[in-house]
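Multiple structures follow.
Two complexes are shown next, each including chain A; its partner changes from chain B in the first to chain C in the second.
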Partner chain A sequence: MRLYAKLAAASKYLALTGICVLAFSVRLFSIVKYESVIHEFDPYFNYRVTQFLTKEGFYEMWNWFDDRTWYPLGRVIGGTVYPGLIFTAGTIYRILHFFHVPIHVQEVCVLTAPLFSAFCALACYGLVSQARSHGAGLLAAFFVAIVPSYISRSVAGSFDNEGVAIFALVNVFYWFVKTVNSGSLADAVVLVASYGYMVMSWGGYSFIINLLPLYCLACIFFGRLNGRLYVAFAPLVALGTAISCSIPVVGFNAVLMSEHFGAFFAFIVLHVALLVSYVRRMLSTKHFVILASMVLTVAIALGALAASVVVAYVAKSPTLGWTGRSMTLLDPTYASRFVPIIASVSEHQPPQWSSYIMDLHMLVMLAPAGILACLHRLTDASLFLVLYGLTAVYFSGVMIRLMLVLAPAVCCLSAVALSDLMYVLCGSMRCWKPRFTFSTANDSATAAGEGGGEGASKAPPTPGAAPSPAAPSTKDAVAPSTPDEPTSVKKKTRSRVPSKAAASAAGSKLYALPLLVCGALLGMILVILGLYVVHCIHASADMYSSPSIVLQSPRRDGGVHVFDDFREAYAWLRHNTHPDAKVASWWDYGYQTTAMANRTVIVDNNTWNTSHIATVGRAMSSSEAKAWSIYRALDVEYVFVVFGGLVGYPSDDINKFLWMVRIGGGVYPEIKEPDYLTPEGDYRVDARGTKTMLNSLMYKLSYYDFADESQLSTGQRGVDRVRGYLIGKLNVKLNYFEEVFTSQHWMMRIYRVRDQPLRDPTSRAGKKGKAANRRG
Partner chain B sequence: MFLTEMTRTLLAIILCVITTPKLISASPDLSELHAMRDQARDAVVILTDDVLKQYVMGRNRPYTVAIYFSAEQVSEGNPSLRLGELRKEYGLAAKAFAKGPDSDKIFFFEAALETSQMPFAMLQVNALPCVVRILPDLHVSSSTVELSRADKMVPDTVGTHNYPWPAEVFVKFMGDRQGLKAAEVDRPSIYKSPLFPVVLLSGLVSLAYLVYKVYTMSLLQHPALWAVLSLAVFWFSVSGGMYNIIRGVPFFIRDRKGNLQFFLTGRQGQLGAEGFTLGTLYLLVSCSVAFITFLAPRISNRILRDTLSLIGTAVAAGSIYQTFMLWTMKTGYHHVLHV
Partner chain C sequence: MARQFLLPLFLLAALGVTSASKSVLVLLQNVNTADKYSKFFGSLRDYGFDISVKSVKDSSLKLKEYGTWLYDDLVLFAPPAEGFGGKIDRQVILEFVDSGHNVLMALNSDASESMRNLAAEFGIDVDDRGSKVYDHFSHATLNGKEDHTLIAGGNVVDAPVMVGGPYKEPVLFRGIASVIPGDAELATVALGAPSTSYSHAPKQAMLEPPSLMVGSSISLVTAVQARNNARVVVAGSLEMFTDDFFDAVVTVKGVSTHTSNWAFTVTMARWAFQDRGVLVASNMRHHLLGSDEQPWGYRVNDDVEFLVDVVELDGGVPKPFAADDIQLEFIMLNPYIRQPLQHDGNGTFSLRFKVPDVYGVFKYYIDYAHRGYSYIKLTHQVPVRPFKHNEYERFLVCAYPYYASAISIMVGFFALGFFYLYNK
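The block that comes next holds the complex of A and B.
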């Protein structure tokens, strides 16, 4: 038996190691298929800051004023980033170099996210082990290791905050639940530290600081208040807030923004509830009632006063003290009405049903069963899992980006459901005996122990064991009627937290399910687990591993076309322009330009100044002459656009153009969206497109010389392959801008802003002609 | 014979006598129009052909005419236009003018496509929402009438930021040119009722009492209640319910043949019905799994237990299969094995 236990423990650790390796390696498709390169947009900024950190040191980075972005405003980097990811990568780099591992900082950045997803799997294991059992924990770790939603933000090269933040999030939950289970002060210290790391890593920490108070209130409501909850929650609020305040990007928001008020409220309620329970223990019932009525009267008066003060303070701010993004979560239509810059980002859109099944696969079908399972055997930890799942699923419905927060919750819940199901199935199969035999089984199910938090290890049901004294009468009632039936009776007694639901469950006994059902269900579980793995690998390999800085498209002969236009163009900028040249583009490409071309940009992906972005949007939507004067006023020397019409790359600037118009129009009322739409309200750049559209700078920069080139390369003169039609104006002339570079597949086109506009013989001749006509 | 001729002539003469004054008179009979307005539910007169000829057409009128154009087909087919709300606000504006000091200087009409097509053709209205104002000195003949842009209330001229335009916008637009004054717009609201504070207070008190009572009954602490609530939240979210709300997606649409369509194939967009179908399928899987795990092993009758667990298995398997089928139908996705 001891050998079995040792083997079980060994296989558990083996499985965990395997899961970690799986989590790490499934994210390496992007390196294998492409190359070790930083992906997308935001990671380039993080990469640049990490580079700076490794060269200049922590303090220099903390005080870094970056004059290469948001020209002429600049940006204080240290005070405006969540430094967790950058510090993490910097620390890993330092450690490796301390041991003389000569690795480039880029490789460290590329591999940080896969490494932390392995850690996240471990944290998930811990969380579910605390809530249910080690078996369920292993399942949860396995699920989270390859869940597509998480893969999408943590493939190798995706050096974004979420890469470490999801680990940090689950880690905080793990330590919280562990502290709630154990009540140990040492755990509480680790909890506060891990919360500090979370705040440092991601703005999503506000999810935690609202979920934990909610859990705290729910515990009080369900009568589960105890000292262990206090040990877990009170230091977190007090010390955690202090830590948040000392991170510059959060600062005093941690006490001033309404997002954090819930925590303070729960903090007070917790104290009051504990005080009340203490006083109730001390006094007789009669005295307690007198005291309670006295205190209540005073409290209501004081409470009304305090509430009116808070309401007055909150009502002073137009968004009631909530930031725009948080308002979006509470009132889903808020962003689409008021904040185009939030609404324009694709990851802030609400997801459709197909996104859920694409990103969570079969977990989304099992998670509700997990909720039911948790509520069926309600413990402190399983209550937490339910609350986490519910809040996350609601918020993910508002913003597709928060699917990432939902993924671990759904993994944990599904693991609980599946583990319970397997337990019943395997128990039934074990107890199943040939006809005309009868046996009872007694087994102790696993449950999170209330005291030490150590779930009892799963004991196999032992046929023929003595029935527990809890249910002898039931057994007696059934046994005489069933001796000649091929029924095997299995009974479970459970050592668990005494809650009402659990108590009722403990008394009843369980009967084995028919073998057919068990076999069918086990087969089904195997099939859907197999499909899950197949889907996750497919998602990782094909859907989420594209770096979007290098593109591939399959060729007929089985090879791939590689489109490396972006790096080609950035390299051109780096090598052929003056180091102090200012480059303008739409904000999506700001981070890449500073990181790869090392040139000063006007706007970038840190969308902190809407009017500056609107200025660029206005220039892109204006006529050439007006745009020229705007750019000259901003000292811009080069302007580039991303254009996909020649090769059919759909996320180009023409397709993003309406957002430029909307954001520009939000600040400069002269830009009106209807001017760029056909009378039917369609957005088109063909002959039906409006004059304003066809005269806008964006149209001209995109389609300059396009007709001739498309004739040569595709044989269809002037046909845009993204839009799929003939463009509206073939002969585009530029007088204020000069084409200086166009990449191989025309995906990036760089123009120089002329010092002096060209003289325009045609328009002047036209004017002269008109004047002559008038005179005549 | 003679008699009949006589009667005919007489009749003709009588008819002439009756109708001529109406044709001659420049100002139509206002009292009748007043009566029509008083009879109308919200001071908006339905514009039939007769009313049009009698009160709108002519060289000039002593009052301004406001016409609201409506078509049942359009308002039913495009719920996003919210024409019903717009019509209500129009009615409120009409009432405000009818009560105001200039009640005889402006009259509100509604031209419904079902009653009469004439005003639509006359004023060349081919898109809704459209509200026009006809100033007293405008010559309206039976042929088409050119209205200036400033006299039309369409999204282009008034803007869409405060659509559906509240009654105040109508009042301002209609009264602007002529300086007409309207009474305060009287919106029916429960807040104005004198009983409101009493009802509110008693409601609050009884609610608090109810909450206290329910809490002491410890019914609220029963997990079953929370299980149902949780499943509802989960169902709503994974169905893309938020998407439906934010994008204002209809539950179903009609295709060109007029058949109901519940499912959009193709990656873009979803309908309310398809999302909720999928949400329900997920719940079916989960509930049958939960049933097999927690309820089925507690049924002591063997036959019942076996049958029910078999049914549960079948439901779970069927729902999973159906889910994957619908997913493939929606996105064309197939599980691809990478080996």
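The block that comes next holds the complex of A and C.
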């Protein structure tokens, strides 16, 4: 039997290794299909900072004042960045170079996210095996390894905070549940450390610092309060807050912003609840009631006072002490009403329902079953899973970005559901064919159970399954129902494993299913799992691997058109402009410009200063002369726009233009959105577009000289292939800007802001070529 | 350090050498009339200008050969010329100016349309062909002949570096009026018309009500300094450059007097040819007080000093410039500092100040545009960073209670833990 146990353990580790390899390799499609390149927008910033870190060292990066972004405001990088990802990649780079592995920092950055998704699979395994069983854990690890939602943010090259933060998130949950289960102080220390890593990595840590108090309150409410919970929760709040305070980007927000108040509240409630239970044990019931009523009246009075103070403090700030992004979470309509800059980001939009199917596939169906399964046999850990799942579902409904937080939750819940189902099925089969299924059932049980644990040693003497484990099962079933009584650590760890074995055994005894049904169901499960794998591979290969700076579109002959315009234009900027030249564009392209073109930008994707972005939005929506003076005041020498009208690239600046108008109008009231819309309220750039629209700088820069070019490609002058109609004004004249570069497919058009003229001709001379406005 | 000083010196030396043999192309309507301006050209030659006189219709005219400009300055003494001979046209002249060279134009009431258009390119509106400036009060009587178009009461601008002076004798003028727009930044009225004058074309019927250029809005001689410091002077009278006017003895309001034309026109021409009033700023440098090195940037609240050397070139000879109105700005979106620079008499201008308590990418900015002098426009970018995380003050006295509380909590926790664990 020891051999079986060892085999089981070995196969478990083998499976985990396989899952890790799968998680890593399924994310390499982007390298295979494109190349090893940093993706999208934010990763370029992280990449640039990591480069700086590896070149200049830790302290220089921590103190880095970057004078090449947000000109002329500058940006204190060290104090405004979540450094977890950068430190992680920097550390990996250092370690590799210590062992003389001469790898470029870009490759490290490209591969960090896939690596950490493998770690995330391990963390998921740990979390679910703490909550349910090792078999469920393996399933969870498998699910999370290839879930498309997570793949979308962690393919090779996607060097974004989320790449490590999802691992960090699940890791915190794993250590939390482990500490709740074990009550070990050592686990609590690791928990605090992993929470520190999470805070360092991602702003999403506020999800944890709200979910854990919620769980804590739920435990108190359901009467599950015990010392283990205290060991897990209290140090986390106290030390975790101290750690967050010492990370500059969070700083005093950790005690000042309302997002964190829930934790302090739960912290207090936890202490009060423990005190009450302590006092109740000391006093007789009668005395306790008297004391309770006395204390309650005082407490209510004091509580009202404290609450009013807190309310007064909170009400003092216009957003009630919440940051804009958090307000969006609580009130999904908040951003669209008040903070256009948050609403303008596509990943801050609510997701469509189809994206749930797309991103989670069959897990969407299994997760509710998982919640039921968790509630069915409620333990501390499964209660946590339920709460995690429910809150994550809500948040994912608010912001598409938070699908990421939902993904591990859904994977864990689905794994619980599926493993319960498999237990029932396998148990039934074992019931019908004890001799035949003996070894395999035992194998799976051991694989699911702790290596060589009680489950394994118990099963063999009772191949007929049911009756004998029923005894421990009843005993263990009682255990969670009397939570007030402090269960010893040892007993708890033991109670987990038999209880699930018992349940499945009990199920098989009472409701043993026909063999055929079992077989069919198992077959179906296998088919569904197969479909899931197929879907995930498809999603990874075809949908989420595009680096978005290089685009492909299929050609008729089976090949692909490659649009490499962005890098072409950035390279032009890098090679043909003065190193100190200032380049203005919409903020989406700020990070890429600094990283790839190495030029100073006015605004970038770190949208910390709304009025500065509004200035750029205002320039883009103003007439040419006014835009010229705005850009001159900002020392801008080059302006570029992204234009998709020639090749049909839909996410170009014309389609983003309304956001520029809105953001600009939010600060400068002379920009009014209705001026840019047709009387019917449509946004159009054809002949029905308003005069303001057709005279705006954005229109002019996008469509300058466009008519002739489009005649070559479509045969008709001025047909925009994104909008699909004839543009409103064909002959665009530029007086204050001059075109200096347009990329191959016209996706990026760079203009130079003309200098002030050397002479000021009078109007009499103006007949020939108007020169720029006189005042700068 | 040595190189920093050597470079400007070398530049100055180079400037001095080139200015010694500045070549001037003079275009006349008729080369044979060159003698009329012999004193004017003679004075210029005395100042070291190499003057070549050609006819405006000369077919071998060219300003540029193989991408190099053949002349430094251009004098157009051919008001009626409709076009130019050779390879000169309006576009070439504009290019000439835009590349930093200078033009002196003299017109009269026969000024052609092309001359008028050329003046308009420099921001000067010249009145219609055939019109003259009249003044029935402050005109001069020359050779016993009273002439109401011979203006003698012009207002010479108060900019000695540009026009010389102050002049006791009048500057004689007979010619066409021009105006500059009210918001003109680059143009200066070097010689303004008397307030009693007006411009009128005698052969045309006067409009009712009269829409005339009148009084002091008329500019007789206009000086323009383009943004690249190229200079253009447009004089409404060609005669004011003649020997006749230089030597004339006129009667103005019954008083017999000589004229200041010689001094005025020659000074004006020297100014136009960048022989006067040229400022060269060099060796801009800045450092923290107590250090000589020029830093990459500052920290907020640093004490810094900014220095720049400015010399004035007069006849190609550098001499220290002295002025109290050169302002230094320290700008990030808005100027945080705007202070006049102090000069030490040797041409070094400096300012000590405290960097504001704001971080960002600042720039030093000097935009000096004093009438008559060439512009000084300097920018230099300096980042101002916040404190590094280890530069904050530590162990503040006012924080001692907090240290005490933290330490006492730690000690208390340790003691209590020890007590509970080991005191059974």
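Everything below uses one rule, namely that the second predicted complex is superposed on the first by the 677 of 776 C-alpha atoms of A that agree within 3 Å, B and C clash if a C-alpha of one lies under 4 Å from a C-alpha of the other, contacts with A are read in each partner's own complex, and residues count from 1 in each chain.
Everything below uses one rule, namely that a residue touches a chain if its C-beta (ideal position, glycine included) is under 8 Å from a C-beta of that chain, and two chains touch if they have at least 3 such contacts.
Just so you know, these numbers come straight off a predicted model, no measurement behind them.
In the superposed model, A:L73 makes contact with chain C only, not with chain B. After overlaying the two complexes on the shared chain, residue contacts for A:L758 are found with chain C alone; chain B is out of touch. When both complexes are overlaid on chain A, the residue A:G251 reaches neither chain B nor chain C. Taking chain B and chain C in turn and counting the residues of chain A each one touches, the greater count comes from B.
Once the two complexes are laid over each other on the shared chain, residue contacts for A:L521 go to chain B alone; chain C is not touched. With both structures placed on the common chain, the touch criterion links A:W62 to chain C but leaves chain B unconnected.
Within the superposed three-chain model, A:G303 lies out of touch with both chain B and chain C [touch as defined at top]. In the superposition on chain A, A:W353 makes contact with chain B only, not with chain C. In the overlay built on the shared chain, the residue A:D580 is in contact with chain C alone; chain B does not reach it.
Put simply, chain A touches chain C in their complex at residues 59, 62-63, 65, 67, 71-74, 76, 78, 248, 580, 635, 756-762, 764-765, 774. Chain B meets chain A in the complex at residues 156, 220-223, 226-227, 230-231, 233-243, 245-247, 267, 269-270, 274-275, 278-279, 281-283, 285-287, 289-290, 292-294, 296-300, 302, 305-306, 309-310, 312-313, 316-317, 319-320, 323-324, 327, 330-331, 333, 335-338. Across the complex, chain C meets chain A through its residues 94, 97-98, 116-117, 120-125, 181, 183-187, 224, 226-228, 230, 297, 331-333, 359-363, 381, 383, 385-386, 388-390. Per the touch definition, chain A reaches chain B in the complex via residues 221-223, 332-333, 336, 350-358, 362, 364-373, 375-376, 378, 386, 389-390, 393-394, 396-398, 417, 420-421, 424, 428, 478, 482, 485, 487, 490, 500-501, 505, 508-514, 516-517, 520-521, 524, 528, 531, 534-535, 537-538, 541-542, 674.
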